[in-house]
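Below you'll find the structures, each written out as structure tokens.
Paired with chain B in one complex and with chain C in the other, chain A is shared by the two complexes that follow.
Moving on to the complex of A and B:
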């Protein structure tokens, strides 16, 4: 790793700065699949959209990239709705869905341009990530992927290198304070393995060489409605409200491998703040169902971090503070949200019906496509042709 | 030859099997390939023009020192050293020069600020009247080198101010269908915008909306009032349903919202943290804008006639006085204008600030803001330039076009210009033109710094600088091999055969020249056994 020596002073530097609160929150939610049988990926993104909106990120600060061909698909029996659970309790497409990049606009280029801010002047504000160095950004990706890549609409791929470079450019351009990166795809943990910019916390649904699975099917809709990892994340997020003091450690330790069906990973070595109280996080990845301990990168640094703990609401919140102004100038005061924990579960939720439906694999068929073998085959074919016909053409 | 072969034509009689024709055909393929290589190279390579890297690093290292001279009254002569060190500690970007008494005139340079002795704390133009008691250093520091307000928006040369009147529910009760916005802006906003005209270029837009629901239920209080808790305030803006600004340009927007609650939710009050109603009806969202809640006085007549049709109200400029007073204060905060220390009074005797409407700010505030913003801009453009060359260095697939190159150079030029003005002794600059007021000098600095900032960020965010998508080596083989391997092999083999045949021919010819020339001409040259 040639960036490691570079990172160390940066990390030290950020330790001193991080204590200052961020001032705004942004979310980038990307569903990189299209077509009806990828219904669940759209439901993933819309479920996440509902959650970040519920926790207070305004629509103007959410960039939703969605093929959006599920709700009004001819095959959708429940036209105009997208559900994430078999009981169809909660319509995720209900009201006020603002899709910023729709259909064929969901491309790798647009995604990278959005992140780096290198957009044409004609692009409207709603399609821009107008962040600054005080912004916390939550980035969620879902779709079909493989080792170090994520497929966009069966057409192109974004690689882990591309995203890492984009994040680095964002860091250099002062476009974020902290990033929380979450990805739900096959071999998802490889997507964050190439990051090298500071203040990024990343988590993924499955280790390299492992698939990410869908959660359940709805027999009326006829397809899988949500992915397992996202389902349990959303279920957990229902416990969180705007004033909640739950930490990232609480979220990560809620991962349950036998339920999710894959081994989620965490990467915190680039992140300068502790994830939460040491005791729950200390046993992360070591309990029942965890095969290996390698799913948490940055475990060693964790006890040495001294700063505010990373709260879930740091990445899923709205305006952090407002100032109530008095009638005369002198008596205004600044306000910080109250800090007691109220974790009342809200009524509509991603209720786990915990039925053991057959898990359909969402493994990509382009997964680790044997390019070398393919090219070798072509090469031999060419050689064969050459010897078979070359002589005849050239001589007799 | 076997008899069967007689059915076929003798290859030597086919015209394209003629030696020279065949060789021409094969050679033409090769010529096209060779000619195409530069074209292929040009179309697949990334344009990466050089950036003035070393210059950027050199400029980015330089520290900004804005000259500032203060002349103290003789009575403060003991304070000189204290003031100097006080500034050095807090504001590194200022090059403060303090003189006292007769030294002021001796140095033959008009000082920017003077401090005179008086029994009251007062400022008039660029003169501060300070009593002997109290810390002069602290007063000067809070006047000239305050911290920039964290609630202020980042500097931009252009701002849009968007004023919106929102009726929560325009279908029932009293509805505001008009406001004297022109008049109100004239009275409350124009003084600020004209005072800050050397910093920013403002565009103002306004609108009235009749349906602006809240995204949450306000808390019901006793005696029919409704309350907004501090948590509610953070989610007050319902950006999904309120369109608060036109998207006509990408300039940053400062929003000012006058919210009229619906008839059944009046009065709507802001609650303190302990749940008691606050006296204030305005709040500010950092870097975003300000919101004022306007509770219309409930008309006494409509109390008994419950199904009253919606009553239209037009707000006059006098009705808006309080709300726009709050807006102007919020705007001052958002634009980062430093506040005067509370103890200081402003003398109105000076001609420039004769009426408080024409210039709401003192010279001290404007000058300080100009310095703060110049400092911020220089620092940001240095950072952006450094980041640009760094990113281009680190990411190999990143194209750098002519536009980027020019923007980096332009920004660097503006930056150099600012630092040059400053480095060749600000005082000589001032003494050379004693009539140049300080504010003019500062505003020219700001103009250059803003130019440097704009160009550097344009370079960094140039749409052409999108790095090529990452391709692993096996991707490249996979793309090129199927395409070229099958085409190249016959060509290579044919060329090799031809070369071999030609060499053999030459050898035979030479041998024949040595022995006897007649033989070769008889037999067709291609009669070889394969």
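Moving on to the complex of A and C:
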């Protein structure tokens, strides 16, 4: 039992090591609106589902929340299918769909519990977000919303503050490494305006005071089948494959305002890595089609970021290049009750305006002197061995 | 910021006025008194201007300044978002059905045979179908017939809700003059065959071919909703479905059609939700068929006396077109009968309208009509709740324009307020009399002064209750069976109603002391206040009726007064009685009203007898007491 004191620095060490690159990918895809005329929201979420699955996130790591069952709606002329394009070329509801939360299970409470991990013991693993501090999470929301709220099920709303606080709890509980938050709803950009936890990259479909528009109707299904913003995202994502080196900047600069019909926004001030090569992203939100500049929060910090560029595949799809050195005890999935560590969701110590030198406390040292990592590891391992053998020998 | 800026002058004055009094209650009482005094001083001008504003407003309702374009409010409907598959094959089906229906017509088939034939056709298509025979007893003994109906259960969901597609055997042409609605019936039959192919119906479809014009559907809906009507013997329905949400009534009397007309008024002033009409007209326009309100084509022949350039002025044309529509609307709504078979659905909170195919040589026919109905049904199929979003209180001035409640309601309310002020003024006047000063101590003072006097409330209330009971009696006589047998009955009833109240002045004490106000003044005050209240209440139930009342009662009631000579008194009395009960001498009008009450339970007859006639009788009595 005298090894116990040793475990602590070891754990700390492994934690700092692991920050180099994520080891698993998760996706939470939420369609929060029900009813037949909101077919397109179901299609949005299912389109994302197909894309993240195609890029390598397994079903076990995807939490799909669909507030209604458009496929089996009695008004659906093509029962059992959901299409996102007027020609009905691709059935998004194909043969391998796992909807984790459906119908009336899609509530604000369940969504927030899912994020923070405060679930009953009886909830099965398929309905849990079993992430750790090495997980990159892609969170996609779609539905009807307004300024700083998103409507769930026609009877309740989740506010931007709720999501921001949930994310902070996740941060404090070590439930993510990085989050990519995407939202397609009216006035979507307000949804991420309240975030204050580090390592969150966010994008939304429309600025405050602006609607998010549907893209196309299918005149046999009789409703709009997909929203414009999601349609163009998905269209772009078709270019991406598992080994793609396309960056987030590539995705964001592909936004075409006249086509989408609304002004998408990006928020990267909480995110410590650069979005991509400077030249394309520098002109984001400027030029043809953009009404106002400033839909990119975090433009000022961007030139000072020094790190790996954020790839699309960091969030969509499986882990391609795992840093073997950093691979440590990441099998501890059990959630530590947040109340033990967090007294209250306090305002963040992280100040976005100061992040011109993005150094979060857990990573800065090794980032500046990478060679230290290996030597320190050897040092500690040696110490451990010496201690262990020393103890055994002395007992003899 | 605004604290620094100079305030608006009157505001400042009011503020100073308020600040001077420390006691806010006192200030309030003073303010109120000042206001009352102002109203009292200016009451004549106020009343006149209110009347003026009210009538001018009424005349302005059809202008394009008060209305606005229609719009959808219900997200779920998604009108005109579907491909329609009704095609020439279905048109051919409809033509074959039409051939058979024409055979039936030419062979003088009875109602029973007709409904059996139609039910059999439904069964051949594969639907559950049945017939229902009905018979009216009492005043309208002759009315009987047989309805045919079929139910297509929704394929994938339990049928807790239903949509109705109906056609009456007799078309609404000239308010049911006997023209047959053969093509309408053929359309419903062909539709039932066509719609059965789809599995996307979220509601049951109920196809109804009702016999007669209005009577058949009244019998069907009464039986469907378990409503009992004392003078109706209707067979119970063998098949039933869920709660009916929407109903489309198809009326296609001609050979082809050029326009589709919307008829939407229901009984007793009810209107369907505007979303239904809006989506229909949107769909029809998308399909390429022009939509009009009622059966008006856009020619204003009656304006030919106007000079060319005035007649063709856009604003003038719009005004007269919309005024014509408004006139039709008032006729349908105020009569309490509604404008067609669809109105009967409104009694059961079902949104319904009639699409009337304006008879013409072309260019449209079964093909366009079927596609429009298919698309409209897809739209109503999308509903998740009853129509609730859009407007229930509106006046359609055109098929795509409407007046909101806030833009038409005040017209009648202003008149009613003017009447109320008049009544209160008379009430106050009745309390005072100019009398000689009792103790003239100072010789130089004015010889006359205001003396307070008692107002005989109880007597007046007795008179008023009597007039309403008298009206109720008139109503029971009119709705009795024997009334319609005698040719002379209306005349006799009118004479009786004219002569009997003449005994009232004999009963009431004629000579009374100066300390008591004359009965006529108090009666007038009460009469004006009651009429004003009645008009205000009716405005929200049935605006057209309220507007008619405001026109008929507003000025006449306010100007009533007693006069000294007996002859003038009698002339005034007669005028008011004719205004109040003259309509029973108009044979056609009164008969139709009795029919509406007896068969359709339209409230206009009891209303006229028990409310309207007594009000005019009271004012007639004011003149002779």
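Note that the second predicted complex is superposed on the first by the 298 of 396 C-alpha atoms of A that agree within 3 Å, B and C clash if a C-alpha of one lies under 4 Å from a C-alpha of the other, contacts with A are read in each partner's own complex, and residues count from 1 in each chain.
Basically, contacts are C-beta pairs under 8 Å (C-beta built on N, C-alpha and C of every residue); 3 or more make two chains touch, one makes a residue touch a chain.
A quick note: this is a predicted structure, and the numbers were derived from the prediction, not measured.
Peer 1: Of chain B and chain C, which one touches more residues of chain A?
Peer 2: B
Peer 1: Check whether A:74 is in contact with chain B, with chain C, with both or with neither, and answer first, second, both or neither.
Peer 2: Second partner only, chain C.
Peer 1: Once the shared chain is lined up, is A:117 touching chain B (first), chain C (second), both, or neither of them?
Peer 2: Touch status of A:117: first partner only.
Peer 1: Applying the document's definition of touch, where does A:288 land relative to chain B and chain C: first, second, both, or neither?
Peer 2: The answer is neither, since A:288 touches no partner chain.
Peer 1: Does chain B (first) or chain C (second) touch A:220, or do both, or does neither?
Peer 2: second
Peer 1: After the superposition on A, what does A:279 contact: first (chain B), second (chain C), both or neither?
Peer 2: After superposing on A, A:279 lies clear of both chain B and chain C.
Peer 1: Is A:168 contacted by the first partner chain B, the second partner chain C, both or neither?
Peer 2: In the superposition, A:168 contacts chain B only.
Peer 1: Kindly classify A:36 by the partners it touches after superposition: chain B alone (first), chain C alone (second), both, or neither?
Peer 2: second
Peer 1: From the superposed pair, tell me which chain A residues show up as contacts to chain B and also as contacts to chain C.
Peer 2: Dual-contact residues (chain A): none.
Peer 1: Which positions of chain C touch chain A when the two form their complex?
Peer 2: Against chain A, the touching part of chain C is residues 75-76, 78, 81-83, 154-157, 198-202, 378, 381-382, 384.
Peer 1: Which bits of chain B are touching chain A when the two form their complex?
Peer 2: Contact set of chain B toward chain A: 11, 22, 26, 150-151, 154, 230-231, 233-241, 247, 250, 270, 273, 278-280, 282-288, 290, 322, 326, 329-330, 339, 342, 380, 383-384, 387-388, 390-391, 394-395, 460-467, 469-470, 472, 474-475, 477-478, 481-482, 485-490, 493-494, 497-498, 526, 530.
Peer 1: Under the definition above, what is the set of chain A residues touching chain B in their complex?
Peer 2: Residues 23-24, 53, 56, 58-61, 96, 98, 108-109, 112-113, 116-121, 124-126, 128, 132, 156, 158-159, 161-162, 165, 168-169, 172-174, 242-243, 318-327, 329-330, 332, 335, 337-338, 371-372, 374-375, 378-379, 381-383, 385-387, 389-391, 393-396 of chain A touch chain B in their complex.
Peer 1: Give every residue of chain A touching chain C within the complex, in rising order.
Peer 2: On the chain A side, the touching residues are 35-37, 73-77, 79, 217, 219-220, 222-224.
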